[in-house]
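After the C-alpha cells below, expect a handful of questions from me.
Per-chain numbering from 1; labels A, B, C and D assigned in written order.
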Amino acid sequence: MCGIVGIHNHPEASNIAYLCLYAQQHRGQESTGIVSSDKGIFHQHKAMGLVADSFDSTRIKSLAGRNAIGHVRYSTAGSSSIENSQPFVVSARGEQLALAHNGNLTNALELRKRLEEDGAIFQSTMDSEVIMHLIARERGKTLVDRIAGALRKVEGAYSLVFLSDGVMIAARDPRGFRPLVIGQIGDAYVAASETCALDLIDATIMREVRPGEIVLFEQGGMRSYDALVDGKNKKAHCIFEYIYFARPDSHIFDRDVYTIRKGFGRQLAKEHPVDADLVIPVPDSGVPAAIGYAQEAGIPFEMGLIRNHYVGRTFIEPTSEIRHFGVRIKLNPVKELLAGKRIVVIDDSIVRGTTSMKIVKMLRRAGAKEVHMRISSPPTCWPCFYGIDTPTRRELIAAKQSVKEIREFLTADSLGYLSRDGLYCFEKKGEREWFCDACFTGEYPVDLVDSPDIMEQAMEARRGC
Amino acid sequence: MCGIVGIHNHPEASNIAYLCLYAQQHRGQESTGIVSSDKGIFHQHKAMGLVADSFDSTRIKSLAGRNAIGHVRYSTAGSSSIENSQPFVVSARGEQLALAHNGNLTNALELRKRLEEDGAIFQSTMDSEVIMHLIARERGKTLVDRIAGALRKVEGAYSLVFLSDGVMIAARDPRGFRPLVIGQIGDAYVAASETCALDLIDATIMREVRPGEIVLFEQGGMRSYDALVDGKNKKAHCIFEYIYFARPDSHIFDRDVYTIRKGFGRQLAKEHPVDADLVIPVPDSGVPAAIGYAQEAGIPFEMGLIRNHYVGRTFIEPTSEIRHFGVRIKLNPVKELLAGKRIVVIDDSIVRGTTSMKIVKMLRRAGAKEVHMRISSPPTCWPCFYGIDTPTRRELIAAKQSVKEIREFLTADSLGYLSRDGLYCFEKKGEREWFCDACFTGEYPVDLVDSPDIMEQAMEARRGC
Amino acid sequence: MCGIVGIHNHPEASNIAYLCLYAQQHRGQESTGIVSSDKGIFHQHKAMGLVADSFDSTRIKSLAGRNAIGHVRYSTAGSSSIENSQPFVVSARGEQLALAHNGNLTNALELRKRLEEDGAIFQSTMDSEVIMHLIARERGKTLVDRIAGALRKVEGAYSLVFLSDGVMIAARDPRGFRPLVIGQIGDAYVAASETCALDLIDATIMREVRPGEIVLFEQGGMRSYDALVDGKNKKAHCIFEYIYFARPDSHIFDRDVYTIRKGFGRQLAKEHPVDADLVIPVPDSGVPAAIGYAQEAGIPFEMGLIRNHYVGRTFIEPTSEIRHFGVRIKLNPVKELLAGKRIVVIDDSIVRGTTSMKIVKMLRRAGAKEVHMRISSPPTCWPCFYGIDTPTRRELIAAKQSVKEIREFLTADSLGYLSRDGLYCFEKKGEREWFCDACFTGEYPVDLVDSPDIMEQAMEARRGC
Amino acid sequence: MCGIVGIHNHPEASNIAYLCLYAQQHRGQESTGIVSSDKGIFHQHKAMGLVADSFDSTRIKSLAGRNAIGHVRYSTAGSSSIENSQPFVVSARGEQLALAHNGNLTNALELRKRLEEDGAIFQSTMDSEVIMHLIARERGKTLVDRIAGALRKVEGAYSLVFLSDGVMIAARDPRGFRPLVIGQIGDAYVAASETCALDLIDATIMREVRPGEIVLFEQGGMRSYDALVDGKNKKAHCIFEYIYFARPDSHIFDRDVYTIRKGFGRQLAKEHPVDADLVIPVPDSGVPAAIGYAQEAGIPFEMGLIRNHYVGRTFIEPTSEIRHFGVRIKLNPVKELLAGKRIVVIDDSIVRGTTSMKIVKMLRRAGAKEVHMRISSPPTCWPCFYGIDTPTRRELIAAKQSVKEIREFLTADSLGYLSRDGLYCFEKKGEREWFCDACFTGEYPVDLVDSPDIMEQAMEARRGC
C-alpha cells in the first residue's frame, strides 16, 4: 500500500509533488521521498515519517527542476528502514533513473534469484529493485522500450512513475490492479494514484492510465504506448480500494468512491436488515456505508464513536500494568447516545476479529442494549499479494471460522457480511469480472509465482466449495 | 485554550498523565509537558509539538513518582516558545511547586505590573506565572491556604492543577469558566479538563470540581475546600466549549456535548428551514449539528466534504506562484454527491469569514446548485478574554457587518445563525444565566481589568442595542 | 567554570558573540546561549552542546540587534539541563534584562533562602538567579545603581555581562577572581572572559574590567563606575586560571598565560631535577610547563603522549566486559619514543590521582624504564568555591595523603609538586597576595557563607600546620 | 581518505568496531557506519558526522553478532551524502556481503562504464560499488576466490574489509598504498587501518596485511592467500601517510610515524638552516617535525600557535561584513612569545598556499621580526589518485610556481622544502622505491586509467625535467 506522484514540466515540480503526496498520505505513513531532475542533475530527499514532517521549504527549494516523482510508503513489519524508502534512484547504462512503485510483484523472488545468479547485486529488500535491474539489462533503443521489455517480465500489480533526465513516465500493469490517473495543470502534467491529489492542486483530471499502458511525458508533451497489453485484456481492479483504501472523495476505476461505499451500505441494509434505534459507523472508513445503511433502513445515523486523530508516530502503548486499552486509544463511545439503545455498527471489513470484538464490548459497556455488527464487504478469507498489506491466511478469522462462529467471538447480537453478489450492486453491465476480489474468493487473477502453496490452497478450496 | 491533567497516588502517574494529555490533544497542539514528583524530587519534560511525538517510554519512565501533572498548549501567535510551555515549575519558600493552567486571567497585566514594582522577576509572558508569584507571597500556613489567598487576587478563568511533594491540588475559578472533572482509577485520583481523558484510562468519573472549589489530594485521600466561592455564586460556563471546543464524546458542565451540539442543529433547522437536497457538515466540528439539522428537517445527511487529518506541524504552504489553495489543504468536496444539488452546509461558527467564503466557493465549483450556510451558534461579535483564542474585535466579521452583508461576502444563497434564545434550547430551568456567552453578547461576566477599552465598547454597544 | 561575552553597538552583534563563545569553548562545553536586543525586543537561543553545533546562520540572523551577550557553561553533575543554561533572561520592573555569569557566589543559598522567605520564586538552581532577584528588588534610579546595589549584597566570584534595551553592562567582583577584558572593534565594544576571544575577531584589547568596577556601554560610549570597590582593596585573582583553565594564548591578570605556565615548568625543574632522557607533557594543558622544564633541565622535549581530540558529547564508554580503558580513550603513548627511556612527565595538577596513576602505568607498559611525575602546581588540598569545578575535599587525594603516599599510589619512580613559593616565581613586587590560591592553602579570601564547615576545617588546618 | 576496521569472533564486535573507528577519526569526519553479522542477519547503522555523535549504547547493542566491520569517511565536496557512506551492504548470489574501503581505484570509471553497459545498476557514486558488482559477477567457488577474481580487475589503492555471514575478510592491493594491520584480542581478530586503533582496545599487534594478500577470518581462525600478488612485486606505500595523514602514535609500513616525522624535521634543519630564536610548529601535524628541527638546529622549540579543537560540523564562517578571519578560527598566536623574535615555522606541506600565507601574516602581526617557513616534505606538484584528497593540479601552488615565487606569495623571509632525497633519510637499504611519492614526482606507480590527461602531463613533465 503506497501512493505515488509524477510531475512533468512544472516550474515548481517538487512543491507539486509534496502537495500530492500530502493528499495521498492515507496510502502510506511510514516513509516518504521526492526526487527531482534539473538539467541532468537529480536531487533527492527521503525520510521516515509523514510528508508534512519530512520536508520544509528549504528542502523543497533544494529539489530543483521541472520534473519530479514522489512516494509515500505504508508500514509493513520488518522492512521499515530508510533503505526501503522510495523513490529508488540508480545509475544505469550511463544515465540516472528513478522509480516510485505502488503495488506488489508476484514473481519478484523468482526474478531476483535469477538476477543474483546472473551477477546482480541488491541493496534493498524491495521488489521494486527487481524492475530497475531488468530495465538495466534491456537492450531496447529507447527508455520506453527498455521499460516495456522489463515490465513484460514481471507479474503482479504495479502502478509506476519513472523519472529520467527531463522525462517522466507513468506505467500500469495489464490488469490495472492499482489506480493511476493523469491530470493537467497549466502546461504541466501530473500522474497520481488518486484524484484527490489532483484536486488539491486544482489540476484538471484527464483520464486514468490504461491497464497495460506506458505514458511518456517529454518536452511538455504526452505520448501513449499500449506496450504491456496482452491478448487476454482482462482487468483486475482491486475491489478493496473501493471498500477501504482509497479516499472517499477520490474517483477511481471510473467511479466515485463515496457513492460506491454508500451503495455497499444500502445493499447491506437490504441483505441484513435489523430492528434497531441507531446506525453508527466505525470512523472514518465506515462512514459512507453507515450513511447508506441508515438511509435504506430508515434508522437514524449517529456518530456514536469518536476518533482521536492525533496518533503520532511514536505513540507509546500503555504498560500492561495499567491495562490493555484495546481500541480505546483511537475510539471513544458517546455514552448518552448509546445508553439503552439497539445499535447497528458498520465497519468495512474484519481481519483478525480482535478489534471488532473490542468495539462490540466497548459499545456494550457504554450501555448499548443490542449490538448488531454489519460489514460492508464479504468475509476476508485470503491474503492479498497485489499490494494490500493483509496478514497471513492463518491470521484471517474468516479463513478458519464460520460467520456464526465469528459472531460468537465478537459477542455481537448479530453479524452480517455483504454478499459477494451484493458487492457488485454498483455495476450494471457485467463488469464484475473486471475486478480482483481474491481476498474474498481466492480467485487470484495473476499467478502467485513466489507463493505456490497459497495458490494451491485457493484452488483446492474453490474446488471444495 | 489548553488541556490539563493531574494524578495522585498512581504507581505510573506519568504514564497516566501521558494518556490523558493524548486524549485531550484537541485542546492544544503547540507544546506539551509533564512534571512528576517522586520522594521530594521533581522530574519534568516539556517539548514543542504533539504529545505522541514528545514522549517515548524511556522518557516516561524517567518521570518517576506517584504524583504528576501535565499540560497541552494551544498555539497562539508570538508566544510560541518552550519558555511559555507548561507545567510551570518553581521553587518557592523552600519547596518545589508546579502548575498547569487552562484559562485566561483578566487582571494578569495589572497584577504583574504591581508584582514587578514590588521586585518580582518574570521569566515568561504567561499569566500563569503571576499565580506562582502570588502564592509565594502568601503567608498562609498550609499550601491550600496560600493557593486560596493567591487565587482570591486573580480574576478571570482558571482551571488549575498543582503538584507539590506528594500532593496534587485541583482548583477552579468561582465562575467555572473552563471544565475540570475528577475521576478515580483504583486507589488513584485523576483530575482532567474533559471526561474523554478519564474514559481513555477507564477511570470512574466522580464529579466536576465545583466553581470556586479547591480539592486537595494527599496521602491517597481527597479533601474539598470551597475556598474561592464568593457571595455572588454566579456560574459562567463557557458556552463555546459546547459549540466547538470540547470533544463531542465528553460530558461537561453536567451535559453531553454531542447531544447539545445535535440539539443546536435541530433548533437551527427550526429557525432557518430551507428547501434542499442534502445537509453536509464542515468536518469534524460541524458533524453533530449537521446530523441534528438533517433529522429535524428530514433532509438526507451526507459527508460531502472530506477532511485530511495528516496536517503535520511543519506543513509548508504552497508558494503563491502555484496558487492560494485556501481550505483545499484540509477539505475536499465529494463532487458526484454535490453536483446539481441544493446544499445546506453546517459549521459551528464564523470568525473572519474567509474560510466560510472559500467553502461556499469550493462547493459551487464542485457543482452545487445552491449553497445555504447554517451556523450552529449566534454571530461572534466579541473577543473572548477567558481562554478561547479569538482574534481582535476588528477581525471578527460579525462585529462589523450585518448577517445580510456577511451572506453577500460568503456568496452563499442564504445564511442562518442560531438565535441567542435558540442557543439555550437545551436547558429548561432557567440555567441560561449560568453560562458565559460574551462572545455573542458582549456581556462579560468578569471585569476585563487589563482591557478596559473593550469593556467600555461592550457596555456602550449593549446600551445602544 | 564558564565563559562570557558582551557586545555593544555592532551591526552583527550576535555573530560576534558566536565567534567569541567559540574561542572560549574551552571554558565550558555543556551548554551555550546568546541573547540579543533589537529595538526593545529580546531574541534568544540556548542549547545543550558545543557552540559550533548549536547555531547555524539562520539562527544567528534571527538574533538581530546591535547588542548581545553570550555564555558557555561547563558540565557539572546533576544540574545539566537547559533550565540552567545561560544567558538568563527576565522581565523586571517593566523592562527585560539578561545576564551571563562566570564565577560562583559563596552566599547564594543564604540569599536565596531569605528571598524565598520574602516571596520570591526560583525557576533554576543557578546562583545567578539570585542576582536577578536582588536587582529587581533594588530601588535605585538607574540600572547601574540597581545592579551595584544588588552586587553589594552578594559575595564570592563573579564576572558578569548584562543586556538591557540598547545597553550592555560588564561587572566584576571586588576581588577580581575571574578575568574579564574589554576590547574595541570599529565603533563597537566587546567584553569577554579571555583575550583569545578578542583576538579571533581582531578586536583591539583595551584593558581588563577592574575588580569592583561596573562598566556601562550605552549609545556607542563607555562609562566606568567603581561601584563595588570596598575599603580592603585586596585582589584575589584565581591562580588556577594560570595553571590550567585559561587558554595559553590569552593574556589575563596582566600577564601572558603561556609564559607563566612555561615559568612554572622552569621552576619545577629547579625544585625537582632528575636524571632523565625525555620530558613529555600530558597534552594539551601540560605542554608549556613541559617545554619550560625541558629547557631548564636541558633534557629533550617530546610529544610522547598523543591526544584524541574527537571526544564527542555522547561518547559511550566501553562495556566492562571489554575492559576498563582508563585514559586510553584520550591519550595514546608513542611507544618507540618511550621504550627503554627515563621519562619526566609533566601535568598541571592531580585531583583524585586515578588519571595520573593510569598515565604512569600506560607509560610503563609502553616501555618506559623510569617514570618521574612532575606537577606544575602545589598539591590540591581544598575545593574551590569561586567557580572552578573541583570535587569535594574527601575526593582530593592530596587532602588525605602525603606526597610520598601519592607517589606510591601513582606507582611513579618519583613525584614532585611545584612549591607554594615556586608558584609565584613569575612575580617580583610582592603581588603574591593579589592571588587566590585557596585550593592549595585553604586561605579562602572571601567568606564561605554557604559552606561554614569547610571554612572551619581550613582554619583549623592552618592553625594545625 | 578513510579509516576502516573489521572484527572477527568477538562477543562485542560492534563495540570494538566503534572504539577502533573512534581512534581513527582523524582519517575521516564526514560520515561513519558499522555493520555487524549475527547468525545470518546483518545489522547496520550509518550516519553523517563524528563516530562519538553517531552511536549510543542502545544503537551499539542493536548491532549484535561476533563479526563486524566499520568505516569513517573523509569529506570531499559534492558527494557528501548518506548514500555514499560505508560500509556498503548488498545481497549478491543469495547471500549478504558488506564492504568498507580505504583508498581509491584508478580504473573505476572505466569498469563502471563497462558494467553499466552490461546491465548493472549503480546506487552511489563510490568506486567501492564497482568492487561489489565485480564480486557478484565472479563465478569462483569460494567467496575468497570471487573477491580475488574481482580485485584482479581493479587498479589503484585499496585496503578493504569484507563481512559475510560469520566471516570477516581483509585485503590489500598489490602495491600496499594504504596501511592495514592485524591484531589479536583474546580469541578475536581485528584488522584496522592504523595501530593506534589496536592500541585503544589493548589488542596485540600481529603484522600488516601484506600487499596483495587476502586474509580470511573464519570460525575463530585466520588463513592467508597471496591472491593478488603480481610478478612485479613492487610496493608503493603512500609517503604522505608518514608526512601528514597517519596519527603520530601509529606504526605503519613497519616504522614509527612519530620518529619518521621527527627525522624529517632534523633533515630539514640540515638542508635549510637559519639563524633564528624560536622553532614553532603549525599544530597538530607539524609538531614532531618542529621538535626534530629544533633539536637538530639547537634552537628552542615553542608552541607559538594555539589550536582551537572545537571546530564542529556546522561551524558558520563569519560574514564578509565582519571580515575574513582566515586561519584565525583554528589558530591563534602567543604574542608575547613571538614579539621581536626570528621565527622558524614548520608545516607538513603547502597545498594552495593561502593558509601558509595567512599564517606568515598572522605571525608578523603578532610581532615576529622574521618568519622562516620550513616544510617537512618536497613541493606538492601533482594530485593524488590513490586516496588522498588533494585539489586539482591547477590549484596546487607548487605545480605552477617556483620556490622563490611561492616564498614571495607567502611573504615569508625564507622558505625551505625538504628535498626528495631528504624525504628518504629514514631508510638505509634502498627501500626508497617501495614508496609512492607521485604527489612530489609525478611518478604514478599505477596507471591512471580514468585520468589519462594527468598521466600524459606527468610523463611529459618528467621528460622535460
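Criterion: contacts are C-beta pairs under 8 Å (C-beta built on N, C-alpha and C of every residue); 3 or more make two chains touch, one makes a residue touch a chain.
Source: prediction; values computed, not measured.
Peer 1: If you walk from chain to touching chain, how few steps can bring you from subunit A to subunit C?
Peer 2: 2
Peer 1: Taking each chain's centre as the mean of its CA atoms, which one is most distant from subunit C?
Peer 2: So the chain farthest away from subunit C turns out to be A.
Peer 1: So the centre of each chain is just the mean of its C-alpha atoms; given that, what is the distance between subunit B and subunit D in Å?
Peer 2: From the centre of subunit B to the centre of subunit D is 62 Å.
Peer 1: What is the distance, in whole Å, between the centres of subunit A and subunit B, each centre taken as the mean of its C-alpha atoms?
Peer 2: 37
Peer 1: Just give me the whole-number Å value for how far the CA centre of subunit A lies from that of subunit D.
Peer 2: Centre-to-centre distance between subunit A and subunit D: 50 Å.
Peer 1: Which subunit B residues sit where two or more other chains touch them?
Peer 2: None at all.
Peer 1: Spell out the part of subunit B that touches subunit A in their complex, as residue ranges.
Peer 2: 11-12, 15-16, 18-19, 22-23, 25-26, 29, 50-53, 55-57, 60, 196, 199-202, 247-249, 251, 256, 258-259, 287-288, 291, 295, 300-303, 306, 308-316, 318-319, 321-323, 325, 328-329, 332-337
Peer 1: Which of the residues in subunit C end up touching subunit B in this complex?
Peer 2: 82, 89-94, 113, 116-117, 119-123, 132-133, 136-138
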